[in-house]
Each structure stands twice: as structure tokens, then as C-alpha cells.
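Submitted below is the structure of interest, expressed as C-alpha cells.
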Amino acid sequence: MKSIITRHQLLPTIFTVIGILSVLIFPSIGDAVSNGYVIGLFIGIYILYQIISLLFYKKDTYRQVTADIVSIILVLFILWELLTNRFGILTSFVYPTPGEVLLQFQEDRAELVVHLFSSVRLLVSGYLLAVCLAIPLGMISAWYGRLDRVMRPISSVLAPIPPIVLIPYAISILPSFAASSTFIIFIGAFWPIFVAALNGVAGIDRRYISSARTLGVNNWTLFRKIILPAALPSIFTGLTIGMILSFILLTAAEMIGANAGVGYYVKLATDFGNYSQVVAGIIFIGLIVTVVMTILTQLERYLLRWR
Amino acid sequence: MKSIITRHQLLPTIFTVIGILSVLIFPSIGDAVSNGYVIGLFIGIYILYQIISLLFYKKDTYRQVTADIVSIILVLFILWELLTNRFGILTSFVYPTPGEVLLQFQEDRAELVVHLFSSVRLLVSGYLLAVCLAIPLGMISAWYGRLDRVMRPISSVLAPIPPIVLIPYAISILPSFAASSTFIIFIGAFWPIFVAALNGVAGIDRRYISSARTLGVNNWTLFRKIILPAALPSIFTGLTIGMILSFILLTAAEMIGANAGVGYYVKLATDFGNYSQVVAGIIFIGLIVTVVMTILTQLERYLLRWR
Amino acid sequence: MLSTIQYDNVGVTYESNGQQAIKNFNLSIESGEIISFVGPSGCGKSTALNVAAGLIQPSVGAFKMDENIITSPGTDRGVVFQNYSLFPWMSNLENVRFALSQKSKKSNTELIKQSKKLLDKVGITGKSQYVYPTQISGGMQQRVAIARMFALDSPVFLMDEPFAAVDEITRKHLQNLLLDLWEKETSRKTIILVTHNIEEAIYLSDRVVVLYEGEIITTKPIPFKRPRDRQELENERDYLTIRKQLLQAIEGNA
Amino acid sequence: MLSTIQYDNVGVTYESNGQQAIKNFNLSIESGEIISFVGPSGCGKSTALNVAAGLIQPSVGAFKMDENIITSPGTDRGVVFQNYSLFPWMSNLENVRFALSQKSKKSNTELIKQSKKLLDKVGITGKSQYVYPTQISGGMQQRVAIARMFALDSPVFLMDEPFAAVDEITRKHLQNLLLDLWEKETSRKTIILVTHNIEEAIYLSDRVVVLYEGEIITTKPIPFKRPRDRQELENERDYLTIRKQLLQAIEGNA
Amino acid sequence: TEKSQSEEGLTPVNVGYLATTGHSLYFIAEEQGFFEEAGLDVTFNSFSNSGEGITAVAGGQLDVGTFGTAAPLKFESEGAEFVFFGGQMGTGAGVVSKPELADELKDPANFAGKKVATVSLATGDVVWRGALVEAGLDWEEDLEIVEMKSPADVITAVNKGEVDAGVVWVPFVEKAKQEGLEIIAYSDEYLNDHVCGRLIANPEKFENSPELYVSFMEAMIKAEEFLHDENNKEEVIASVAAYIDVDKSIIEKDLYDGYLIQTADPDKEAILAFKETMVDIGYLEEDRDVSDIIDIEVYKEALDNVIEANPDNAYYDKLVDRYKDRNLEI
């Protein structure tokens, strides 16, 4: 398929080779996993990189970014492998070797899919609820000066309250555990989005509103066609931060009477000291985050293409 | 001192009266605290309101905001008192009465001051460290296109990793528990500020940079006089979000081998099911947040006065 | 729908720096009149126009239309701002179509056709119609803004240096476009125009109002009959006198 | 420090919409020359100037100064942008002082004194010096930008419609200010001026370059001796011919 | 460096604990000056998560830690290295439910088909699951167990009827009663005299400075003696209250109502029994021998030293008997 190694491909190729060589040269300390696994990992990353690089991107800068990121990932894997499994510098049980984590992935893969669906359902419901409430409420608050001035200090006092202390109240008021979990995700995502919508609307250049008023638009059109697009850049910042907080709170939310979810998986593994599961879980969350953030970024790029 | 009740003062006055009356009319269910305490609370809030309203603000809108917020607080207190201590609708131990919380405050006041200092020290060190590292790193990343494109996806994958799962690693690597606590606050505040600095610099109108280049400014001056002020509005959003995350993580950070801090106070109270302490702690955190956020807002208003 | 406009002793002081931008501003404009505000840079022209647009509230006095005090923008006044103020998230075509759609119940294809025609008139043709405002030149943006105001077709036009960013030929073309529109209508539009081009003010206006340091120092009626011809106008006897008087007034000697 | 400027077959295509803004752009400018770009709105004047400023990279060809290819802004070229581009976080005075301080090692009080003098020259006086750019009128902002460029005192001036937002009298004053500066220097500045005012182009320039749809269609030398007098100029025989030729060229008939 | 003497000539010791009344021996030993007598300058570090504490012990940041029994055993199987060398508390957990279900659930077999809230890896959780297995239930199939973050959450869930029963520990057993819930069973009804808080230490440290650990245990033994003298009740409660900020009446109930065992004895037998339970319920995958990470010598030496200094104290004699009885000493 591919003929020669281009300029971009130099670093990833070098690091893949270094990775494989270092596995072959330095003897393994533990014996849980054979070298084959780790070499497979490096080759897998490299093949994936080549596919992404060849198929998806035509643009030079994209290829460069992909190469850079793959290089960083490879270096991290090499360091991790060397420090844990080869030189034995990090030997504590909190540092599993890459091979152990890989094995864990393989072992738990069916389970992880179940956890994934559970988490996605929870995230989607909590986050969407936050989006649906925070954006209109924030925009309405900003629109009425008096409400704006009141909501600003209130939100800045309420936002930093750790959602975790609200758990008992959620359990005692809401009808089900699922509702309580959703509430924790919701409340975490709500405030950043609310504040972003508030700031977005408050920061709109008055001339746009004035222009619209001279065109005689009704309130609904004003909202939909002028205020919303003008506030959208700020709202997207809030959406990103809200998403980050949702993920951060996932472990807490999934410890409310649940028995599934990637947060639950990680938390339970932490409690049980199974750190190859913990690391596998974190990497898995990282993968989910990558997908979610890519979707969010693409949506942003599309909706803000006029910028 | 004050002669008549102005328009603004109407609502707070009405709610204060309603509060006092409802305490006098409906009999208390529990008997932990006498009515005097609760009435004192209402009167205290009202006096504080009058002082703020009279002394600090000359502007009409400020007086209005103060009145509105005080009204909301009063309504919340009345509802809380009625639901817990009068009508007995919320009776579980997770719902202390306002009187109990007030008593708790009085009892723990000396202790709370100690916790306050401990938390402030932790927050200041962790947050300032994040500020000092995230702003320059974010700005530098944004400045070099290649770094920018690499750091953007990396930060959006790393930011949502719950800092709590990093605690064991912090403990095993860092020299002291205090350092681990600081690290948790640091890492929570770091990413939002970093991303904000990144976006702030990437979003600068190219014409400002071009103008500066035609003036022949050196890099350091360019950074200090052009890039920093131009990115500052975005950076301030990050500073606020970073502060919110610092507070959210306070309970987790202060449970790493610490014996003081308001987060520790709340967490300990939660572990022992002492919810009048939990609520007192949350309110206390709310007060600290109010002060911190006010400082941040004033700083922002001063530095962005050109907007 | 006739609209008499009245500045009733209007004064504006900007809060942010305490600058008194206009003061003792008294002016009555009859329905169908074309009025120009001229004066040195910073004398308060934009401020006065923004009061009429309802964008700035007078600190003292009142701005009235048909005896009603005006404090906010409205469909009765179409505005071209000094800085264009197109919606950056809509294509140029969409900017105009959006304005049209607020008044008209016609089908969308019809609206788009009409919008294109308006844009063609101001010389924005082909691909430039479909791109975003930030992707066309300054003068082109200004022309889109003019097309948008035409689309609105309100009884009062408020225009802040609408032809400042375009070349002389386009400028003349646009001036004629404006006059055509004005003259064809049975109930003529009331137009307030801010300009720093005295020939333009004379060619277009019924009266030229000269501002100096925030105050009206002269109101000069332009007696020439309409429709006017540029060439003829410049040969009129009074033309040079009026021009000179106005120039002097602008320098502060009323 | 003499600077010859050369557009070497420059073409610019905007990536965002594929618009070919200028093409086959060839032009040599000698040190000390004053050149004007004129042409209809959207013909590529700003684009051509921005290439010289180093703000836009040519898609084909190269822009050179003294045989060096230029790809970024530099102190050798002072720029007044069409949209002013003052730093909004600095007061007007600070904007000028900042520019001065980049070149000069003088004490701060000295710099402030000098900045004030420059601002006085362009008619920004008193309180207006101390407020932020957003707090003054459009024309005033443009004048601050001109003062800032003067402060820089670079061998090449690039000015994009620098006098578009000011009234006629201020405009003439600023034109004279520019010429004074240019004439007084022993090694004269090279100036490229974008304008849509043909009289201005003729009065100021050694050559007028007419652009049409992104291409140079005419380069007209202006033969009148310097220093020029406005009144005299208009009475010169050739004046009207040149003016007419340019107007025709702008309409696309080279 | 840990042997470097502090100002008063005392050896600094870093102790990690979970904030519970069950760890009262520490507080008594400190407040009554037993640590100082033993030449130790103790710093207390509070944790709310066993895993974090165990990590700190294994990593050597803590000289001594008490983080239950279940979590250390689990972490040991995952590769954490430490030794058990002393005791602190035992029993003290309970299962609660609404009164109407209490009678039915007294028989563990009746948990079949029920929904129960628990905090994973808490001692009570392990013991209760052990009871289920003993009653012939498969806890993964026969009932629904949901995980919560804290005992307060568990009580709230039971109270609201979201779950049928919940596993909690002191002082929440008491709280549950106040909420109108009924205690189905205390944990030692399921597993007699089971252990909870065990003292653990980094093996390297433990090997390198045995005299420090002997001194430490001497202080703990004195504290135990002090605690069990009814005359000291007030002082004991005050000592605990200095560290655990809860109502004194709750401390009194926890410490003196008899469902909390408090002794510094390592109780090797009970640790091994507990391990068996964990194997039974599937928490430990392989049945490994952990005897060699339980040190009973240090405690014995400390006890001998204390007795030598106070030959007439009857309580210490009881401790010797107990030691012999509970540590499989041949």
C-alpha cells in the first residue's frame, strides 16, 4: 500500500522501532504478559496511525498533528513499559505494566461494553437535561437586567459547591437512584453552561440587537436568529467545560446505587486496589472522551463556520 | 438612622416580617433551639442588608440587586424553617433545622477559623501554581501552531480525567501529603486555565499582532503589552472555572492525610452523618466563595476596564 | 404613513467618560424631507443619528416621532450604521433576505429572488452574495448594509456615512439609487444622512444641518429644484456660495 | 535608508471562499515615491496593500523590498489599516506613546510630550487623548491611527483609506500634514495610499495605479511639480484630462 | 530519616487513620500521653478512602496505618506490601431495614430477591456477604446489591424505600435507629468477634526499626487498659472527641454499648478467618496463605514490656490470655 516514509512519518516510525527494540533488548521483570503483547501494541498503534494518516486526511497540517500525537503516545508507552516492566523503577502495585493493562482490557472487554452503554445513557440524559435547561435559563436571565444581576452572584456561589455533598439530598428527594445519578451529572454540567449562556448574551454587541430591532423581528425570531448565534461562541465554551465536569463527576454519580458504568468500574477497581483495571478504565474513559470531544468540536466548527 | 422604607426595601422588609411571624405562629417540632435564635437570624440578615444597602452602594441598580438577593435568601430560610422545624415535612437527619445549623456555627466558630486558614493556604498554593503554569504554557502552546494543534486534543482528553483517580499516584510520587493535596487542587484548576489561555491567544484578532509587528516590538513586549491583554478576557473565564473546580475538589484534596480545612470539616461531618455540620460547612464554603469570587470579579473589572 | 421627526432640546453625555457629545439639539424634520448632518469629525453627528435610531437615550430632552417619544429602535426607521453592523453569522444574501422576511409573507424563493435583485442593484453580484460579510471588502459590506435597509422599506431612513467606504463612481451610483427610490414613492421617505462630503449633502438634501462641538450652528436650506442634475447643479450660481458658507460653518464660523 | 518596492507577479486567492482578489500584479515603486491605488470597491486595493504590509502571503509571485522577499510585518513599514486597528486596551495617548517607545530611548515624560504633540497635530486634543479608542468617534480613531504611524517614522508608509472617515476640512489638513512630513525629510518616505478619492490621489501622488477586478489596468504618472497648490492644480490644463482618464479607467475602460 | 529525633527527643511517627470512633485507641494513647511516654511524637493523618491510606503505608509515607481488614487483604492480593502487626477494633457494623422487613430478614436466607445497599469493601459488607454465602445464596444472582459511596447515602436509600436493607457501621447504626429503621443484625452475629481496623506498616520500615513498633504497641496496650477502666469514661470520651467531632453521646454509645471490640491484639486467627470469608464470597480470587505477613511478635514483646513495668495489673494478664487464645501460638 504505502511506498515510502514521508517526512511526517519519520518520528512515529522511529518511535515504533525503538519501542519494539526496547522490548526485545531489555528483559522483562514480571512475567505476566509475553513480549508479543507489547510488540503487538506498538504495531497496532502504528497501523492505526497509518490508516488515519492515509485515509482520512488530505491536509498536510492534519497529517503533522496525527504524527505528533502518535509520537507522543508512543513515547509515553515506551517510558511506561521501560519504567515498570523493564528497569523496575516503578514497582508499586499502583503502576501496572502496559501488558497487564492490555490483558485487562482483553479480559474485561464484554463488561466494558456494558459499562460504556450505561455511562453513555447517564451522560446523555444528565448532560442533555443541563443543556436544555441551562441555555434557555441563562439566556433569559441575561436578557432581563434585574434577573441577570441577581443570577450572576447566585450562580457563582452555587457553582463551586461540590455536587457530591448533594448526593444524600438527591437520593432522599428524587424518585430513583437513576434519577439521582442523572441529577449529579446534570448539576455538574448545568452551571458552566448557564454561566456561559449568561455571559454570551450579556456580551452581545448591542448593535446586532439594535439592527434586529430596526428590522422589526419578533422576540422568538430575535432569540433564534440573532441572540442564539451571537451567543453561540461563548455557549460552546460552556458546553465543553460542562462536558469535562460531567466526566469528572461520572465516578461519583455512578456510585449512587448503580452497578454499571465506566465510572463505577474505575471506582470499584480503585476500592479493590486493582490498578490494572483502574488504568484500563482511565484509558477507556480517555477514548470515550476523545470521541465525544471530537463530535463537540465538529459541531462547533460547523455551527461557527462564519467565524 | 433610616427614615422610611424605600421601594427597594419593600420585599426584604415583608419577608423579614413574614419570617418572624411564621416562627411565632407555628409551633416548633423539635426543641433543640429556641425561637429566639431563628428570629435573631432574620433580624440579623435584615440589619446586615440595611447596612449594605445604606453604606456601600449609592447606585440604584446595586440597591435593587441587594434587595433581590436578600429577599431570595430570606424566602429560602423561611421555607427551610417551615419545612423542617414547623410542618415537619423534611424530618430525616440529612435535613437539620436552621436553628440547629446556627447553633452549630456558634459551637464550631473557633474551629471553623482554623479550617478556613488551612483551606485558604491550600487553595492559594494549588490555584496560584496552576495560574503560574497554565497561563504561560497555554499562551506559548497557542503561539506555536504545531504545539497548538497537538495540545488541543491532548488537553481535551486529559482535562476530563477525574483528578480523584490521580490521588494514589500523587501520594506515591510526591514528598508529602500536603504536596498531594496541593497537586489535586492544582490539576483541577490547571486545565480550564490552560485551555482558556490557549483559546484566548489563538482567538486574538491577527490585526493586533500585525499592528504590533509593524511597530517592531520585541517578543517580550509583544507578549506583555499585546498578547496578554488581548487574551485576558478569555483567560478570566478560565480563572473563574478553575476556581470553581478548585472548590469542588477541596473535599477530596483535604482528605489526603490532612486534619484541617473546610472540605475536611464537611467530609468528616458527612462520614459521621452530622448534617447540621455538613450544612454549616456548605454555607461557610458559600461565604468563602462569595469573597473569592468578588475579588476575582473586581480584578477582572479593573483589568478589563477598557472593554 | 407620514412621519414628522423632532429633536426636542436633546443632550447626550456619554457616561463612560463624561463626554458631552451633543447639547441643546433642537430640530424639526418634516415627513418626506432629506436632511444631512455635516460637521468636523467628532462633532456629534453619529450620536445625533443614534438618538434618532433609538440606540442612545438622550440624557436631557426627548426625541419624538409624530409626537411620540422614541427610546428604542423600531421598524419605522431603517438604519445604516457607520460600521455596517451586518450579522456576521448570515451570508450577505441571508442578511438581506432576513430583513425582507420580517415584512413580507412571500414564499422563500420569491424572497431570495428579491434579495438578489436588491444586492445586484448595489453591485454585489455573483459569489459575493453567498459568502459571509467578513469575506468581502469594506465597501462591499457597506453596500450590503444599504441593500438591507432598502429591503426593510421603512418610512424613515437613518444613514451614517453610508457611502464613505466606496469609490466615487459607486458612490454616485448609490446616491442616484437612493434618490430614485425616494422620488418614485408617493409617500416619500424621511431621510437623515450623516456625511462628511459637502457636495453629497448639497446634491441630496433639502436642508443641511451643520454641527460644531455638539451643537447645531447652522441649518442651511438647499433651494435647488428636483430632480437635480449633478452637472447643472454645479453650474448654478448659488451652488458655490452655499458650498462656501457650509465649509465656513464647518470650520466653526457660523 | 532607501527602499525600492517590488510586486513581482503577485496573485492572492482567499482560501476561505476561493476568491481571487488580485492577480498578475506587477509594480515597481522607487524609494521616495508616493503611489495611490484606486479602483472600484472590492477590486483588491486593500488586498494589495496588505501584501505589502506582510499581512497576507501572496498565493503566487513575491513581494520584495530591496530585493528581499517580504512575508511578515516589520518596522520598515508603518501601516494605517482600513479599520484603524488601535489597541483597545490602551488609551489613545498610550497607543501613540507605545509606538514611540519602540524606537526611542527617551525618558517617559519626553515620550508622552512627543505623543501629545503628534495627537495635537491630527486634532485629537484634551480629554480625548486619555480615553480608550472605543470612546471616540470613527474619524477620531482614524486620526489616532495616523498619529501612531507618524510616531513610528518608518521609511515606508502604507495607508488604507486613511482619510475616509473624516470631514473634508480635516481631510485636507491631514493631507497637508502628510505632504509636509514627506517633503521635509532629506531621505523621503515611500508611500502607498489606497483611496477612493481621485482628487486626493492626484494631489498627493507621483503615480496613480488603477485596479480593476484584481488587476492593474492603468498606471498614470502625475506630472505636476511639487510643492503643489490645490487651487493651482485644479486650474492646470492636464488636470481635468487626467482626472477624466482615471475615472474612465475605474469604470473598467482602460 | 524517620529515626531523626524531634525537638523533645521523641521519635516522629506518621499515623494514618479513617475518621471513626472505632480508632479510639490512637486518640486515647495520644491524649493520655502514652505515646510520649513511649518516646514517640505521633502525627495523625486522616483519610476517607482506604485505598489512598494503604498506598501511603505501602509507599512508606505512613509509619502506621489503620484501614480496616478487607481493603488491606484485597490490596495485598493486588501486590501492595505491608505487615499486619496489631489491632484496633473489631465488629461494629450492622444491617438495617424498615421495621416491617426486619423480622423476615433476621434469617440471611430471606435476603433472596431483595435489594440491598452497601459500601463496597467495608468490613460489614464482607461479613454480611459471608453470611449470605453461608445461607446458601449466590449474591450475584439471588439478590440485587447496589453500591453507595457512604453509609449516610445507604440510610437515606433504605429510609426512602429505594432498597430493602442496607449495611452500615458505627455511628450510622445508631443514626439508622433514630431515623426509625430497625437493626436486623450486628455484624458479629454473622461472624463472631470479627476484626476490622488492623494496624499495618511498610515491611521494610517494620524490619528496620522493630523497637519503634514495640514502643508504639506499648502505648496502644496502655490505651486499651485505660479505655476499659470504667472510671476513665469521661476522659476517654473527651480524648476521642478531640479528634472525632461528633456528639459525645454517640461516642459513648459506640465505645461502651458493647458491640465494638477494642483491643490492640493483632488477632491473627480472626484475620485469617476474615480472609476465608473474603475467599468464600469471591473477593479474593486465590486462597493464598497470608500468615507470614501477620507479625505477632512485636505485640507480644510490647505486652511483656508493659507487664514488666506494671506487674500487678489484672487487665494485662487478661491480655496475655487473649493473646494466646487468638494468635494460633503454639
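Note that the chains take the letters A, B, C, D and E in the order they are written out, and that residue 1 is the start of every chain.
By our rule, contacts are C-beta pairs under 8 Å (C-beta built on N, C-alpha and C of every residue); 3 or more make two chains touch, one makes a residue touch a chain.
Given the structure is predicted, the values throughout are model-derived calculations rather than measurements.
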Rotation angle superposing chain C onto its copy chain D by C-alpha atoms, nearest 5 degrees: 180
Distance between chain centroids, defined by C-alpha means - chain C, chain D (Å): 28
Chain A-chain D separation of Cα centroids, rounded to whole Å: 49
Cα-centroid distance, chain D relative to chain E, in whole angstrom: 83
Per-residue overlap in chain A, given as positions that touch at least 2 other chains: 92, 94, 164, 168, 172, 270, 275
Residues within chain E bordering two or more other chains: 49, 51, 55, 59, 150, 152, 156, 159
Chain C: positions in contact with at least two other chains: 83
All pairs of touching chains, each written as two labels joined by a dash: A-B, A-C, A-E, B-D, B-E, C-D
Of all residues in chain B, those that touch chain E in their complex: 92-94, 108, 111, 167-168, 171-172, 176-177, 255-259, 264, 267-275, 277
In the complex, chain B residues that touch chain D: 206-208, 210-217, 221, 225-226, 229-230, 232, 306-307
Residue numbers on chain E that touch chain B, as the complex places them: 16, 19-20, 44-49, 51-53, 55-56, 59, 61-62, 150-152, 155-156, 159, 171-172, 175, 178-179, 244-247, 250
Chain D to chain B touching residues, read off their complex: 53-55, 72-75, 77-79, 81, 83, 85-90, 98-99, 102-103, 132, 134, 148, 152, 154
Touching residues on chain C, where the partner in the complex is chain D: 14, 16-17, 19, 38-42, 46, 82-83, 123, 127-128, 131, 135-140, 142-143, 161, 164-171, 196-198, 247, 250-251
